[in-house]
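To start, I am sharing the structure in question, which I have written as structure tokens.
Should a chain be cited, it is by its letter among A, B, C, D and E, assigned in written order, with residues numbered from 1 in that chain.
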Amino acid sequence: MGKFARKRAQKVGLPPGSLVYTGEKVDEQVSITIIDYDEQHYQEKEVAGFDQCLLVKDKPGATWIKVNGIHQVGNLEKLGECFNVHPLTLEDILNTDQRPKIEDFENYLYIVLRVINYSQEELSSEQVSLILGSNFLISFQESNGAIFAPILDRLRTSKGRIRKSGADYLAYALMDLIVDNYFVVLEQFGEALEYLEEEVVKRPTHETLQDIHRFKYDMIMLRKSVWPLREVVGHLERKESDLIQETTGVYFKDVYDHTIVAIDNIETYRDILSGMMDIYLSSISNRLNETMKVLTVIATLFMPLTFMAGIWGMNFKHMPELGWVWGYPMALGLMVVVALSMMHYFHRKKWL
Amino acid sequence: MGKFARKRAQKVGLPPGSLVYTGEKVDEQVSITIIDYDEQHYQEKEVAGFDQCLLVKDKPGATWIKVNGIHQVGNLEKLGECFNVHPLTLEDILNTDQRPKIEDFENYLYIVLRVINYSQEELSSEQVSLILGSNFLISFQESNGAIFAPILDRLRTSKGRIRKSGADYLAYALMDLIVDNYFVVLEQFGEALEYLEEEVVKRPTHETLQDIHRFKYDMIMLRKSVWPLREVVGHLERKESDLIQETTGVYFKDVYDHTIVAIDNIETYRDILSGMMDIYLSSISNRLNETMKVLTVIATLFMPLTFMAGIWGMNFKHMPELGWVWGYPMALGLMVVVALSMMHYFHRKKWL
Amino acid sequence: MGKFARKRAQKVGLPPGSLVYTGEKVDEQVSITIIDYDEQHYQEKEVAGFDQCLLVKDKPGATWIKVNGIHQVGNLEKLGECFNVHPLTLEDILNTDQRPKIEDFENYLYIVLRVINYSQEELSSEQVSLILGSNFLISFQESNGAIFAPILDRLRTSKGRIRKSGADYLAYALMDLIVDNYFVVLEQFGEALEYLEEEVVKRPTHETLQDIHRFKYDMIMLRKSVWPLREVVGHLERKESDLIQETTGVYFKDVYDHTIVAIDNIETYRDILSGMMDIYLSSISNRLNETMKVLTVIATLFMPLTFMAGIWGMNFKHMPELGWVWGYPMALGLMVVVALSMMHYFHRKKWL
Amino acid sequence: MGKFARKRAQKVGLPPGSLVYTGEKVDEQVSITIIDYDEQHYQEKEVAGFDQCLLVKDKPGATWIKVNGIHQVGNLEKLGECFNVHPLTLEDILNTDQRPKIEDFENYLYIVLRVINYSQEELSSEQVSLILGSNFLISFQESNGAIFAPILDRLRTSKGRIRKSGADYLAYALMDLIVDNYFVVLEQFGEALEYLEEEVVKRPTHETLQDIHRFKYDMIMLRKSVWPLREVVGHLERKESDLIQETTGVYFKDVYDHTIVAIDNIETYRDILSGMMDIYLSSISNRLNETMKVLTVIATLFMPLTFMAGIWGMNFKHMPELGWVWGYPMALGLMVVVALSMMHYFHRKKWL
Amino acid sequence: MGKFARKRAQKVGLPPGSLVYTGEKVDEQVSITIIDYDEQHYQEKEVAGFDQCLLVKDKPGATWIKVNGIHQVGNLEKLGECFNVHPLTLEDILNTDQRPKIEDFENYLYIVLRVINYSQEELSSEQVSLILGSNFLISFQESNGAIFAPILDRLRTSKGRIRKSGADYLAYALMDLIVDNYFVVLEQFGEALEYLEEEVVKRPTHETLQDIHRFKYDMIMLRKSVWPLREVVGHLERKESDLIQETTGVYFKDVYDHTIVAIDNIETYRDILSGMMDIYLSSISNRLNETMKVLTVIATLFMPLTFMAGIWGMNFKHMPELGWVWGYPMALGLMVVVALSMMHYFHRKKWL
């Protein structure tokens, strides 16, 4: 819960642009892949660092520099120099608790996205940063995750318009993939919610309530990742930057629509969770009612009977019925009658 | 619940414009009807596919191409070429979980609407896509439903202005029909709510609560279909596209007003459902109160009596009243007095 | 509840401009009154129909055509031709479940208002339509109600500026009257709420809750009639149409302020009703508490006493106290002591 | 509660500009004070009426006409003629249930404010109207209250910039005083809330709940007086009227900030009251829990004991323990053991 | 609670610009530090008062005048004259309950910020005022707190761009520090919330509820300090004043993002606290349920048994089983059977 704040708190008092990685230190190697492509050619190579500045920069066609793992700070400073990236952008790339946002630095657009992962009932999110220049795109991932594999495949096999279009279309493709990925997570949530709903209706326990709240909290988290994305994509769709070509705008409009649908789904899940909360509380009340009915039935049944037994247990000298031969069976019979009338009353009140 | 997300999740990683039908695969034949009309003429024919591109395109007067069933992808690609439709539009037509929206592609307007169906306490919605060009309108329905039959009738019998006006008026007529249809569904809901309200007040059970929540959820769904329609119709009413003629604007204003009334009704139903929730919870509390009162009355009545019987059941040697001839009747009489006083007390407290 | 939707549902599939009266069929005669006036002259006559088109139309000074009862559709079509009224306006006049709205058709303004009536704890509303032209005003009422009588009086007796001003001022006078009428209804509500508040605090029953919800529902209805009026009057106040003269604007500003105050009152009543709901629920809880306390006091008092009686009712041979001469009084005394201590304990806990 | 609506209801059907005083008829004399001042001179005189029209109007320097008590309608009409005041403004001055508002009549600004008074747990508000002309300010108060005394003092003693500045600065000074006065009321509320909070936590009764709701209602009332003030002062601060000089704008900005702080405080109090409501309801629940625990402890303690006494009270011939010499003490001992185990159990459950 | 209002209330009726310190009178000495710096030089000196007006004002490079403690009013008036500061600004500096705000006085920007401090479960806030001129920055703190120490260090050691940039960058550095400081407080809150959450789930008491409300109140306070900051920083980021240089804008954008993240965190904490409230209330209900179950189990177990003992305690002459040799064991056996069946029933109902 205090996680987010904690990351930030490490940096109090440091000058801006101080490159401090605030994510978890992973052991994995940093891997940098440089992918050069145009309609005819495709070239992919892994490099160790950013010493080959000039090599990449001025070539025709689009270039995708894919950085997996950002915890080695040295690389980043070199990269900043090569592509003329503002120190604050570099700081933000390392600051892995950003909200999705877009910043226009004229020579490039800096885009922050969050990839959502939901496994073992645990929601986690990873920051993906994109630097979109006129003919290059640099992507930064925290981990070595293969989320961008489908795009790599399409580039390699020249499927679709991706090889014919520029870096802005590549940025679109990556963002579309990330947004589509939200639907995978939302589907998992949907299934978990269906299971939870059954539990709430049929066998609610105190743990059910905590589950509902865990989901609510997850929804808040998810919303924080998706909601600001709307503005980011909206900014791209309106083609406010020269780096976005006329023809790509309509594609961003499409991502925008998908984002809206994702937000819609999240809001619906929140409404459903609120409804579950109500049903849970009502179940608790109902169960109290049930308990009280059992108690009332038992007490109402046995109190009069016990009283009758008490009457005939009194020690008065002159109680004629005690001497009758049929006194005892008569007493028992009377008790049965009283008990049956009570049962009848409860039956009519639908308590039995 | 996870339904919506699931549909989307099928497409993760595919390039944009990939034509994948995300609705349910229906066995029904795809049927395409081409309706040519102007003030004098009316011609209607069923075609098998879209090979006759040129035939349809350049004729004077308005043409309505009515496509029922969209699961045969091949047809759509052909159509896209004929009418110069953007691949993303084709993708959206097949993507049957769109929110209502409007997209302006200059040579045509792409409009997504949702037709609501409420039968057997089950709310379902079907996507209707409209492509409105300068002199043609293409409509796509998921199923073979006859929702547009009244419009067909009016066209055939030349009733009203519909034959004198262009494709934009036809689009208006279809949208008006869809919005009017919401009121049919809302009426059904209204009746179901009236029945539910009676149930909540008179005989609430745990199922009642679940019914209330089912209705709440339906209202959320309905709202998601109707609310964005406001923007869609508003866009048309403001005549922002050249495809909408001056005289048709006022008709779209009318649809706009109807949409607002529909939204108003939905919000009112939501308020009513919230009120029912309160009444339900209060009923549960009241019933607990009733149960407790029964218990209290019984306990308060019999506990003192049982105690008195216990007193005279004690075995002390020297209890003079036990030897009296009138001891027993006196004891019984005393018990009756106590019981009656208790009854009187409860009567004054309005518990009996 | 389904009332509103039902009206609309009658018209599904009909072409726009179909004149179908959706209100309740009243038997009353349709009455049409034509009032011609300027600063010097005043003329009032009842007519049977609208055959005298030309007679009315081109005269100098303002003319008020007052139509009571709109269920005879024939008249309306004639009128539409006379004054060049759009078919959709005629349709809206008959469609008696409109929200308040204003529509600018250049040659006239079409204004829909709702008159509220609250009698016998039943809230009803009636639609009043105004067609405001350059020198004429046509008003349509559903019923024969005399709501506009004060204006007629002022016109007849030449009281105030009304005779000196044009049709726009007359429109203002009618709207001002309708808004002032809301305050009469709000006053009635205020009194009913005061009575209800007393009931909630002093003798809440399950019916009280239903009353609170009925009022809440009435407030929703009232709000739906008044809230859109704000926009309507705001439109007139900003003098966006040439039909509103410079000097009349300030009067509409006044109506606007009154509308805001009415809305304010409605919101306040809603807040008060929410507060009542809380007090009601708390009363229910309190009463449960009271019941439980009675039960607890009784049980706690008699259980130990009954146990003591049980002790001395045991049949052990060797129970010396049973043989004592003062055993019985001593036992009774002990019981009194126990009972008094219990009473003291409850007294200290403030339960008695 | 119906108070507000009632005032308005008196005026239904009257022509606009009808001067009807809707406040409470006070017996106090109407007093009119005319204060003429510039940097050098200061003159103050009481007048009986407004017959001296010309005398006041065209003099250089600023003039403050201070009217206490507005129930003598005659005066007002004369004044309206003198200063060319619109009849609707005069009507509004008498209509003492206005929301704060500002109206620009070009030759003057009409400003409505509300002075709040909180005494003896009763919140009341009084309407203050200001008419700000180019070199004069007319203020209207309902009562004879001395709220403007500090300003009079500053004028008399020539303290601060007030004598050097024009009528707009005087208007600022009055508004600043009224806004500062809100903080006095808010402080009183703050203290009352502190006391109430203690009551809620320590000794909540049904009256506490009603107190919370009374405060909530007061906050709604207060909010209605302060919230619209924001727009009023905002209008003045933006210097949209020529009557406000350049240098006075910054002072209105200051009043604006204070108004925001007052609104902030009111919202905070509302949040605190909601919190109290929760604590109250939780206290009620807790107390029910306590009651139930007492009942449970008593029942659980004595039911087994009474049962044991019942066992040995049975009349079987062959119950050997009844004949034992140590039978009785043994039985009592066993009962003590059972009772102690129960106590121990409750102690472990923290119920004792 | 009434604290805020109380401060203001001291000043009712005073003329604007009256310099009255509304904070707590601290004994600490007022300390004024003047720091002159440019890329090459750095000079820092403590001064006693502001008599050296000219000395500071017209020098090249940026000058930071750091005022700790503002309760000695005399200094401030001198300063106002030196730097041509508006009296209302001076009044605001002393008025220590301002919301964060920015005011543009053309020759300088006046910025109010709040520093948050959270120690010993007590949230306090201190006002920091900044006056940003073209080449100077004056900062005012209430206390002698060393919050700006890191900036002083960076200036002294010439770390980062701070020495190369102007007064606007210094303002940025101070604001960045204050915003970063919020994350330290939020982290402390996060930890406290984690602890509280555990308490709510595992051992909720009435105090827990009060803790939840205390935190809620703290969040309201925190929100009031941070939320308006958004507008302040947004104003600076948009470079609406000439005092902010082109290159500094991007840094303020960075502070803006951090502010958004802080607000996000606060909103999340509020949601979490609402969730805790629900869990708390549900815990209370559950515990009532538990209590009722214990009572019901006990009563249901012993009432039938006591009744049976009562039966055989009756004094009828003809009760054959009383004479049987195995009567007593048989009776006890029967009781055991009944008890075991009850236990079995409860076990099946999961109450044991």
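Just so it is clear, a contact is a pair of C-beta atoms (placed from the backbone, for glycine too) under 8 Å apart; a residue touches a chain by one contact, two chains touch by 3 or more.
For clarity, every value in this text was computed on a predicted model and none was experimentally measured.
Chains touching both chain C and chain D: none.
Chain centres here are Cα means. That of chain B falls 43 Å from that of chain E. Averaging C-alpha coordinates per chain places the centre of chain D 27 Å away from that of chain E. The set of chain E residues that touch two or more partner chains comprises 285, 288, 292, 295, 299, 303, 306, 310, 313-315, 319.
Taken together, the touching pairs link the chains into one ring where each has two partners.
By the touch criterion given at the top, residues 150-151, 154, 159-162, 172-173, 176-177, 180-181, 183-184, 186-191, 193-194, 197, 201, 250-251, 253-254, 257-258, 260-261, 264-265, 268-269, 271-272, 275, 278-279, 282-283, 285-286, 288-289, 292-293, 295-296, 299-300, 303-304, 306-307, 310-311, 313-319 of chain B touch chain C in their complex. Across the interface of their complex, chain D is touched by residues 1-6, 8-9, 11-17, 86, 88, 91-92, 97-99, 101, 103, 105, 206, 209-210, 213, 216-217, 220, 224, 277, 280-281, 284-285, 287-288, 291-292, 294-295, 298-299, 301-303, 305-306, 309-310, 312-315, 319, 321-325, 327-328, 331-332 of chain E.
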